[in-house]
Amino acid sequence: MVKKRQILVIGNNTKGCLPNHEKIAYEVGVEIAKSGSVLICGGLGGVMTAAAHGAKDANGLTVGIIPQNDPSEANEFCDIVIPTGMGLARDFLNALSADGVIIVGGGSGTLSETCAAYMHKKPMVAIRNLNSSVDPYIDGYLDHRENIKIVGADTPQEAVQKILELLSP
Amino acid sequence: MVKKRQILVIGNNTKGCLPNHEKIAYEVGVEIAKSGSVLICGGLGGVMTAAAHGAKDANGLTVGIIPQNDPSEANEFCDIVIPTGMGLARDFLNALSADGVIIVGGGSGTLSETCAAYMHKKPMVAIRNLNSSVDPYIDGYLDHRENIKIVGADTPQEAVQKILELLSP
Amino acid sequence: MVKKRQILVIGNNTKGCLPNHEKIAYEVGVEIAKSGSVLICGGLGGVMTAAAHGAKDANGLTVGIIPQNDPSEANEFCDIVIPTGMGLARDFLNALSADGVIIVGGGSGTLSETCAAYMHKKPMVAIRNLNSSVDPYIDGYLDHRENIKIVGADTPQEAVQKILELLSP
Amino acid sequence: MVKKRQILVIGNNTKGCLPNHEKIAYEVGVEIAKSGSVLICGGLGGVMTAAAHGAKDANGLTVGIIPQNDPSEANEFCDIVIPTGMGLARDFLNALSADGVIIVGGGSGTLSETCAAYMHKKPMVAIRNLNSSVDPYIDGYLDHRENIKIVGADTPQEAVQKILELLSP
């Protein structure tokens, strides 16, 4: 059995999620599914819903890892729901469940997930110029003691292509 | 999109897992897959490997939620791996990820998952007479203040049939 | 600096906590404080409140590790509050924070903490005959594969004395 | 019983912790203890050890919340040790255990804790100009959707004074 890659998409929940973020996230989801990878997301609204929606429209497999106890809190595009009951600390589970991460805008929660993924040395690609809390670190180092860049990309297609390159053996 | 049921199978890891436990767990996995449900397990050895193996042999979808950070610690029959990095406290995530639970033998870890599932009021079926730490509560109440039974079953087929009945609307 | 022992007291929350459980838990708290140990508890009602109350009345130091985000959910007898925000999975933190555990009655939550402590090989003493979900394992093995007993005791004084003996080098 | 304030100090572990970070953290610890507050820290090296050391030298009470299972991994200046066994996700527990946070330098782990505290709306003060991953947000907003500043300070004394002001009713 060949294990499929698991790619995490992170960004704003409903609050603060602009229409262009959703459009990009949807396209990222489509491309992840087309690559045969599994889409992992935080299972809630905004970027999470859009990315899962895109992946499902392209016949992909989707997983939502949510803060709550109740699986019905997940968006309707998650095939598998992991209700963690551990609140926002589930950001660490998202990061650990990722072979690679794509960042589409986002605020403090997205930056939290970025830090978690960075500490666990996961390859990361971020869409540039989305007014995100992650912006100061795109195309640079989140931690100057580490030699790991957050790679910038301008389009969903470029983001998925770059993460797949970073993940290829 | 109709959400598939997620059924958790729990029991001993490699240590203490007898051949008949593995045989039963394998059959439970087969039946879960045949019912169109997703198999959730703890992703490690013994009963977890056997159940996932059965589900894959019957073309099912499988998820392993493991204590470690590193997804390669999961057994080879997990389509999706959720590395929690939170040690044995992942027992709570297994329980929360379940619509229903099937118990195949097991010791202190299995009893921990049983308690977690019980507190979250998940329907549970346990195979009888496997010398398990859960035995004192099969066909009875784990907590006398609650009106929730752990239903006993004698065969893998009966266990899956009973959990599906408990889960049907 | 000599590190003080941390002793966890577990048992029912308000629901199902009988007056004699509270009386015993209070005395256990008193004895823990008198021994110069720190009392750890789950920070909520019933046995948790009673044990912390006893420890404070004997000028001890108390810690409450609670499931919620909000520290004000803890009972008033906790000097230090650790709000975990991770729901009932905090049972594992209680167990890990213990050098030793005293069990005063209890249902599914108490049994969950007992399993967590057992898996981490913490010494445990349980008060006998309190109609607890832990009863089947008192003076015996929770997991027949392990060589660890849950030691029974008949009084609060005996319970604290026995746990201190188990913890002495 | 009047509950003491719990103040979290965060910054680099041994790796990347410069001597001036340790000196500042030690003084922050002293001031926290002198204010009658409890010092919370991540229980490991670098800034965490220095802050706890300072608090103990000023007869304060200290708590270390560590990623590991084994309490002996904590530094020697922690009166209470909470071994979480949940890896770096313990950053969320640190944040939740804080009434207020003081940031002394730090990299990706410190930024993770900062995000966790920010999402839970904890008052935060950061020492300026320590080449920290938090620097882009000092005296500004970590998330432009929130109206919460990370307040800058130039000295340990100013940092503790400012956090106490933010915490006073």
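For reference, chains read A, B, C and D in written order, and residue numbers begin at 1 within each chain.
What we mean here is this: a contact is a pair of C-beta atoms (placed from the backbone, for glycine too) under 8 Å apart; a residue touches a chain by one contact, two chains touch by 3 or more.
Labels paired with UniProt names: A, B, C, D = Rossmann fold nucleotide-binding protein.
Predicted model, so just to flag it, every value in this text is computed and none were measured.
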(request) Call it same or different for subunit C and subunit D: same when shared residue numbers make up over half of all numbers used at their interface. (result) same
(request) Can you grab the rotation angle between subunit A and subunit D? Superpose on CA, round to the nearest 5°. (result) 180
(request) Using mean C-alpha positions as chain centres, tell me how far subunit C is from subunit D in Å, no decimals. (result) 29
(message) Distance between subunit B and subunit D based on Cα centroids, please, to the nearest Å.
(response) 40
(message) By the touch rule stated above, which residues of subunit D touch at least two different other chains?
(response) 69, 85, 87-89, 92-93, 120
(message) Using the touch definition from the top, list the residues of subunit D that touch subunit B in their complex.
(response) 69, 85-89
(request) Under the touch definition given earlier, write down the residues of subunit B that touch subunit A in their complex. (result) 1, 3-4, 6, 38, 56, 61, 63, 65, 69, 71, 76-77, 79-85, 92-93, 96-97, 99, 120
(request) Show which residues of subunit A lie in contact with subunit D when the two form their complex. (result) 15-16, 87-89, 91-93, 107-109, 111-112, 115-116, 118-120, 131, 133, 136-137, 142-146
